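I have a structure I would like to understand better, so I am pasting it below and will then ask my questions one at a time.
A, B, C and D are the chain letters, set down in written order, and residue numbers restart from 1 in every chain.
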C-alpha cells in the first residue's frame, strides 16, 4: 500500500481533540473564575460599609460591638486579638519547630524518620475542632492552675493551641527545604574539618533559610486564619488589650459569632465583610511573602 | 567558660532532640486524651443511633449516626463538585497553557488562595449560596462552600503530580504521532494518577474536618440523616463543638470525646491511605 | 535507489528555513536536500541550532509557544509547514528518537503497541456500491500486535535479549537496550524518515557501537537524519554530513569529501578542533 | 542503642499521658444560685418560687403570620400549648405559661390564617440556645405524636430572628422581645412577624459555690454589671475583684438582662461574653470572684451540692 497521505482525514479524532480541549478549558477557566469570585464578592460587600462608616473609625475604634444600640465598629480589638494569639503562638512554635526540623533532617536516623515524618503530617491533618476541644476542656484548666488568670479561657490558651497547630506545617515545609540542600555542600564543609553542628549552623541553615522563612510565614498564615480552635479557646471577650491572660476575640471568631446574626444586606453584614476582607488581605500577603521567598529559593537549587 | 566545640555540639543536639520530643509529646497527649475519654463512649448504639435529648432536653443521649452520615455525605458532595473542576482545570492550565508567561502568576494566586481562612469561604457561602442562589440553610450550600475551600488545594496537588512527569515522556508520545489529549490520557494521567488521588484524599479529609463553614451554612442541632441535598444536616465536627456548650456537661463531654475519637479515626484512615498510595507511587515510577 | 554517486531522489528539500525563539534568530536561511534511504549527519558546536533544525522536520517545535518559522520544508514534495497539515499525521511518517532514552514506564510490550493501538490499522476497503477505494481504520487484533512487536524488536536487534520478558518493565533494561526499545517503538508507526537527536550521548561505547550498527542497517528501509557532536560517529555511519555554525548551514556534502577536503575554512577549523 | 532509647521514651510518654488523662477527671463542682430582692420586698430564689422571682422573662416563638389550619406549623403551635407541651417546659427547667396567656395565644392561633404558605412537611426553627433544650424535647415528642420532623439550630435569638426575616426558617425561637430595627427589616422583606409566648424563664444569677453572698438586690446587680462595683467587698463579700460573665450579643438573654436589670445602660466592657449558658457555668464554677446570668434550667443542672442542701434546709 503506497498511498502516502500526509493529511489523513480523521475527522473523528480532530473533533474528539477539540471537544476535550473545550471541556478542559471550561474547567480551567471556571476554577480560576470561582477563585476570583471570593475577592470580588468580599470587595463589593464591604465597599458600602467603608463609605458609610469610613476607614478611619474602623481602624481606630477601640470597641467592636456591631449589634449594640449604637453600633461600634472599631476593628482594633479583633486585630489585636488575632495578632496577640498568632504572635505569641509563633513565639512558642518557631523555636520548637525549628529544633524539631533540624533533628528530623539532620540527626534522626532513617528508621526514626520514617515514623516521625508521617506522624507529624497526621498532626497537621487533625481537624481544628479537636484542638479546640482539648484547649477548652483540658489546656484551660492546666493554665488556670499554673498562672491562675482571672479569665479561664484567655489569649495564652489560644496561643498555645495555635502553636501546636502551627508546628507541623512549619516542620514539613522547612524539613523539605533542608533536605533539598545539595549533598556536596555538606561534604565541602565536613572536608574543612567543621563539626556537624557547625556545618548545620553555617552551611545548611543559611542555604535552607528561604525555605525556613517561607515555612514560618505559611504557619503564621494558617494561625491567623484559624477559626474553631480560637473560638473555643480564647473566651471571645471583644476587649482591646495586650494582656495574654485576658480573654480576647480574634477576627475569625468574631466572624463565626456575628455573621449568622447579621441580616443579609444590613450594615452589620457589610461591616463583617469588611473584617473578612481585612482577614483575606492579611493572609494573602503572608502567603505571597512565603511564595516569593520559596520560588526565588527554588530557582537557586533547580 | 567557653564550652568546647564538642560540648557545644552535644548541647545543641540535645536541645533539638528535646524539641522533637516536645512535638511528639503534644501529639501523644492530645491523642491519648481523646482516646482515654472517648473510648468508653464508643458502643454499637453510639454509632448507630441519632442524637436524642435526655429528660432535660440536652442532646447527650443516643449516638452520632446522623453526624457521621452528614460528614460522609458532605465529603461525597465535595468529591463530586470540587474534584472534577479542580483536577481537569489543573490539567488544562498545566498541559494546555503551562508554557505561557501569565500561567506562573496565575498558579501563584491559586497557591495563595489555598491559604484563605475557612471562615472567609463561609462568608462567601452565606452570601452567595445560602442567600443569593437561595439554596437556603442546606447540605448543598455547605458542600459548595467546602468545595470552593479545597479547590485551590486540589489544583495545586494535581499540578505537582502532573509536573513530576519528565517532559521526555511527553515528547516521546508526541513523537509517535499521538495527539495532545491521547498523550495526556495514556501517559500523563496514568502515571500521575496516584499523586492526584493522594491530593484528593488529603483535601477531602481537610473538608470533612472543617467546622467554621458549617456554622454559617446550615448545620442543625437535631437534624437526622438528610434525605435531599436541600435538607439541613448534622456533622461530626459541629457535634463536637455543640457538645462543649450543652447544658448537661457531665454527659456531654464524654460524647464530645467519643465523637472526636471517631473523627480522628476517620481522618487517620484517609491520611494513611494517602501516605501508602504516595509511597507506592514513588516506587512504581522511578525515572 | 542509487547511493552516493549518480542522481538520487531527494526525500526532504529545505528552502530558506528561518526560525526564531521570541527574538532569538536560531536558524538562518538554511537550504538543504536530504536524500532518501541515506544517513545524513548534522554536526556542529552545541547551541548552533542543529537540534532545533532536526525538530523542525517533524514540527516538534510547534510545542514551544512564541516560535516563528519561515521558509519551506518539502517532504516528498509537500510543504509540511502549511497549516492544513496535521502535525499528528506528519509525525506518523517522520519518527524521532531522543537523546536520553525515554521508554514509557510500562512493559516492553506496552511500549511498542501504544502507537499502533492509537493509530489503528489502515486498510483499503473497496466500497461495494461506489467501488471507490476508501481508507478504513480499525483496532489491531492481538495477533497483529504480537507480530508488530516481534518485527520491530527484531529490526532493532533487541528481540533475542528480551523475547522472554516482554511484560517486564522497560526500566529494568540497560541504557543501550532502552534506546533500542525506543527505536523499535518508533518503527512501530512505520515511518519513512527517522530522526535521531544525539542518540548515543548518554550511552557507553559498547551500546553506542550497537546503535551505530543498527543505524547502518536501518538505512535499507528508512531515511535517517542524525544529529551528533561525535565527529567520528558521523564519519563512520553518515553518507552525507552537514556542518552547522551559529544557525547557518556552513557546508554540506558527502562525508568522505567533507572530512578530507573541507571547502570552508570554518569547517576545517571545527574538524581539527582548533575552533575557539 | 539510639532507636531503643527513643522507642522506650515514646512508650513512657504514652503511659504518662494515659495516666494524666485518667486523673484529670472532669470535675464539675457546680455553682451557687443567688436569691434576688426587688427594692425592699422579700428576696426570691428562681428555683423555688419562679413566679415571684424578679428577673423572669417570657420565651417567644416568632412566625411569619398565623399559619393555616392544615399546616404542620399550626399543629406545632397547638402542640406547644397542649398539656404535653407545657409538661415538658417543667422538665427543661422553665415554668409553663399561665392560663390566661395560654387562652390569649390559642385565640390568636385560631384568629384566622394570615399566611397559608406554610406547608405540612418539615418545620425549620432557629434561634435562642436557652430554648434549645426545651424545643429539642418538644421536637422529639412532636415527632412521635404527629410524625412531623422539626429541625432546630441554636446560634442565638438574634440569629433566629434574622433567619426568619431572611426567609431561611419557618419559625424563630427567642429569649427576648423582637427589636424595632428587626421589625422594620421584617416589614421590608414583607414578613408579618407574629409573637407567641411559649414559656417563662427565670434568669438565675450564679456565683462560685464558696461565695458567701446569698442574695443581692436588683440595684446591686445593676451596679455590678455596669462596672460601678468592681469588688465583692462592696456588696458585703470577700475582698476579691468581681469577674463578670455574660452572653454574647447574639443571645436574647444579653438584651433581656440589659433592659430588665441595667435599664438599658451598656454592660461593662470587662464582661466576658459567651455563646452559651453552659460555658458561663463552667467559668463561674472555676472563678471565686465570678458572677454570671444563665437560664434557670442550666443553673438547676449544675447546682453545687452545698447550695442544694441549704436550699431544702430552710
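Here, a residue touches a chain if its C-beta (ideal position, glycine included) is under 8 Å from a C-beta of that chain, and two chains touch if they have at least 3 such contacts.
In this text, all values refer to a predicted model and were calculated from it rather than measured experimentally.
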Any chain that touches chain C and chain A
B
Expressed in steps between touching chains, what is the minimal separation of chain C and chain D?
2
Using the stated contact rule, I'd like to know whether A-D or A-B comes out ahead in C-beta pair count.
A-B
By C-alpha centres, the chain nearest the middle of everything shown is B
Measuring centre to centre with C-alpha atoms, which chain is farthest from chain D?
C
Inter-centroid spacing, chain D versus chain B (mean Cα positions, whole Å):
35
Between chain A and chain B, what is the separation of their C-alpha centroids in Å?
15
From the C-alpha centre of chain B to that of chain C, how far is it in Å?
49
Counting only residues that touch at least two other chains, what does the list for chain B look like?
24, 33, 131, 179, 215, 244, 253
Two or more partner chains touched - positions in chain A
13, 137-138, 260, 264
Chain D: positions in contact with at least two other chains:
24, 26, 155, 163, 166, 275, 279, 282
Help me check something: in the complex, which residues belonging to chain D touch chain B?
9-10, 13-14, 17-18, 20-22, 24, 26, 28, 88, 91-93, 122, 124, 126, 129, 132-137, 139-140, 149-155, 163, 166, 168-169, 275-279, 281-282, 297-298, 301-302
Touch list for chain B against partner chain D, complex:
21, 24-25, 28-29, 32-33, 35-37, 52-53, 55-59, 130-131, 136-137, 215, 218-224, 231-232, 244-250, 252-253
Residues of chain B touching chain C in the complex:
99-100, 166, 168-169, 171-179, 182, 186-187, 191, 284-287
Using the touch definition from the top, list the residues of chain B that touch chain A in their complex.
5-6, 8-9, 12-13, 15-20, 22-24, 26-27, 30, 33-34, 84-86, 88-93, 95-97, 106, 108-124, 126-128, 131, 148, 151-152, 155, 179-181, 202, 205-206, 208-212, 215-216, 237, 240-241, 244, 253, 256-257, 260, 263-264, 267-268, 270-271, 275
Interface with chain A, chain D side, in the complex: residues 2-3, 6, 24, 26, 155-156, 158-159, 162-163, 165-166, 182, 185, 241, 243, 248-250, 264, 266, 269-275, 279, 282-283, 286-287, 289
